[in-house]
């Protein structure tokens, strides 16, 4: 028992667990939207694209958030521009831009290898970040959380039916930009928790899992947030015993939850669907029991 | 002047590791380029992304079981692709979400096992490649995979193209659509495995998109697309290896950036679809 | 493999199709078509038209019943290269780097060797097919550079080059002007007279009596199937479309000052309306009825 409480006796663990849980929750809220709009991989792209910004910021000693934000913005602009000006498929554009940015990051790091530890950017290292970075992360997550609490319904309407949203006086353009700003901000914060390569898990898996359980958006968001925060909490907690790999454990937990739900969800799970097919074929053999 | 230039070219080639790196880069560039044409047209660019991330657990587990790492990587990559298809057919989720879930889950699994087992392979080398450390045996392995994949693609390109263009028609005229689908996935996994040693799991995605995207902007026929894509890739591989030698930069990243620069130039100046050309045309 | 002595027939025998998520898209559907037929497949969106197409092409297996093509199981028939398919315009990626000629050549793949290298006959068939649809001069164009009607004709040429005997057409008239529509209908009739069988999914109610000798009405099951003259009645259409269809009837009194008792019926979903004047069926060129109730 005492062993189980051990992590909480360390100040740095408490901070890390708190930050991870909070960021996990906010990312999970965002994931509800991303997953429904089919934008999951935009999140992935953003997380890879901010690597050169982070590297540059560390090299010149600027706050990493600034560098990350700047390169994320540049990448989004580039994607939007190429999409508007060519008939390449969107997925190709996304892939092209984020890998180029990532390569740029690696290129920069390889030119001055001592200043940055790429591994920390790519894999995250929440147990080892400075208080200053934790503060930046919590600040981002806090602001995003508050903004989302106030605007989640408007954003939902905007994404569900943009024309309707506009006719009832919602500023859809502003909200879309707001959403992507929140997304970039949370991606940056999540970078420190789980690393650039696993951010995609945080911003897709909880929402997708909740989608197999709920039919209403409000519920979906709550379920998703619960999944996101609980898995992040336990992930950070367990990583104490495994000496690191926080990101990996968080995402692994989320994937496990997803697998369980994928099979056993009462309405949209695999087993429920198989049962429905069986019922349909039984009805064929035995039409007396009803049916069309 | 000319002599100086040649000296620049000859100097790196005096090192055996640079010769191997160059050969490796060209091989990998070529096979990725041919494949990128199909990925870009089929809308599968992110499938490359998913499969390449998903190979990590395969490598780590293969290490534990002491079987060739390539086999582990291949099985894991293929598993990711097949699992994505399976979940898509059996749930109401969109394909991109499913890919995100599966590949991040697999990557996380690989990472956790890696950190627990602490194998002798460098994580950096899996993630970013280690082209300067390529051995002759690696070259053979990659070479065989590349040539096999290339042959199969080039001989069967018409059917593969029809499958990408109009799946329903391919089915209607009796082509084995499922077989083609899985052949493409198997070859994708093989290509990624073959490229791992050179550029790593992340940058291989770029090699699987950029040449196809560049060629797409320049051609209106598939045969010319294939030729352009492979020339671009081979050119960038050679240029990348030399430039990185003199800048002392990461070779894989330099190759990708060379391709990016070619893409930007094409995007701006392509005769038909380049944005600067279009402006003057209007 | 060059000569087909198959008599193209299509038999859908009591099929029920259930998807993986448990949704049953069509149930207990049956109909049968002979060689030398153009058959219209009519139904609202979601009535199972594309599911029916998919089962005929073997993409999905019915959980009950079977589809038979020329007396063979679907997969066997597909191998013989007698089935052809003309996709809906929205399903095609028009930016794909293929020329008109390349697309039509795809029709010959089933006749070629393993490496798909065209021989003289293949080239001749492609040229002939392009000629037949009047697209010869466009053969070197990229497919995205064509007009809506030209695009349709390219895909028809592909089926002709294939020598397909059972041809499935998915919404061949969307995005096509009236002139091209008539040209395509002529072409289809010609192909019918050569003994082929065509199944046409269409929303274009008004043109069906003009060129389709058979009609199948679909709404999750086959509501009616048979000769167009028998099946294509206001009553059956009402049944097929339920509330979706707009139906106006102007009585004899409203139309004439004399004793003529004939009435005028206008039936439309959202494209070209079907106008029935007395017993005779005629189509109108313009949709005059108001049809923005839905909006």
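For reference, chains read A, B and C in written order, and residue numbers begin at 1 within each chain.
Here is the rule we use: a residue touches a chain if its C-beta (ideal position, glycine included) is under 8 Å from a C-beta of that chain, and two chains touch if they have at least 3 such contacts.
Remember, it's a predicted structure, so these values are computed and weren't measured experimentally.
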item	value
Any chain that touches chain B and chain A	C
Higher-contact pair (C-beta pairs counted), B-C versus A-C	B-C
Distance-maximising chain from chain C - centres being C-alpha averages	A
Between chain A and chain B, centroid-to-centroid distance (C-alpha), Å	26
Chain B-chain C separation of Cα centroids, rounded to whole Å	41
Between chain C and chain A, distance of the C-alpha-averaged centres to the nearest whole Å	45
Chain A, residues touching no fewer than two other chains	87, 268, 273
Sites on chain B at which at least two other chains make contact	90-92, 216
In chain C, residues with contacts to at least two other chains	20-21
Contact footprint of chain C on chain A as seen in their complex	87, 268, 272-273, 275-277, 279-281, 284, 292
Residues on chain A engaged by chain B in the complex (per definition of touch)	34-35, 38-41, 43-44, 48, 82, 85-89, 91-96, 99-100, 102-104, 106-107, 109-111, 118-119, 122-123, 197-198, 200-201, 204-205, 207-208, 211-212, 242-245, 247-252, 254-255, 258, 262, 268, 270, 273
In the complex, chain B residues that touch chain A	39-40, 43-46, 48-49, 53, 87, 90-94, 96-105, 107-109, 111-112, 115-116, 123-124, 127-128, 202-203, 205-206, 208-210, 212-213, 216-217, 247-250, 252-254, 256-257, 260, 263, 267, 273, 275
Of all residues in chain B, those that touch chain C in their complex	41, 89-92, 155, 158-159, 161-162, 164-166, 168-169, 171-175, 216, 219-222, 224-225
Residues of chain C defined as touching chain B within the complex	20-21, 53, 57-59, 78-81, 83-85, 87, 91-93, 96-99, 102-103, 106-107, 109-110, 114-116, 142, 158, 162, 164, 168
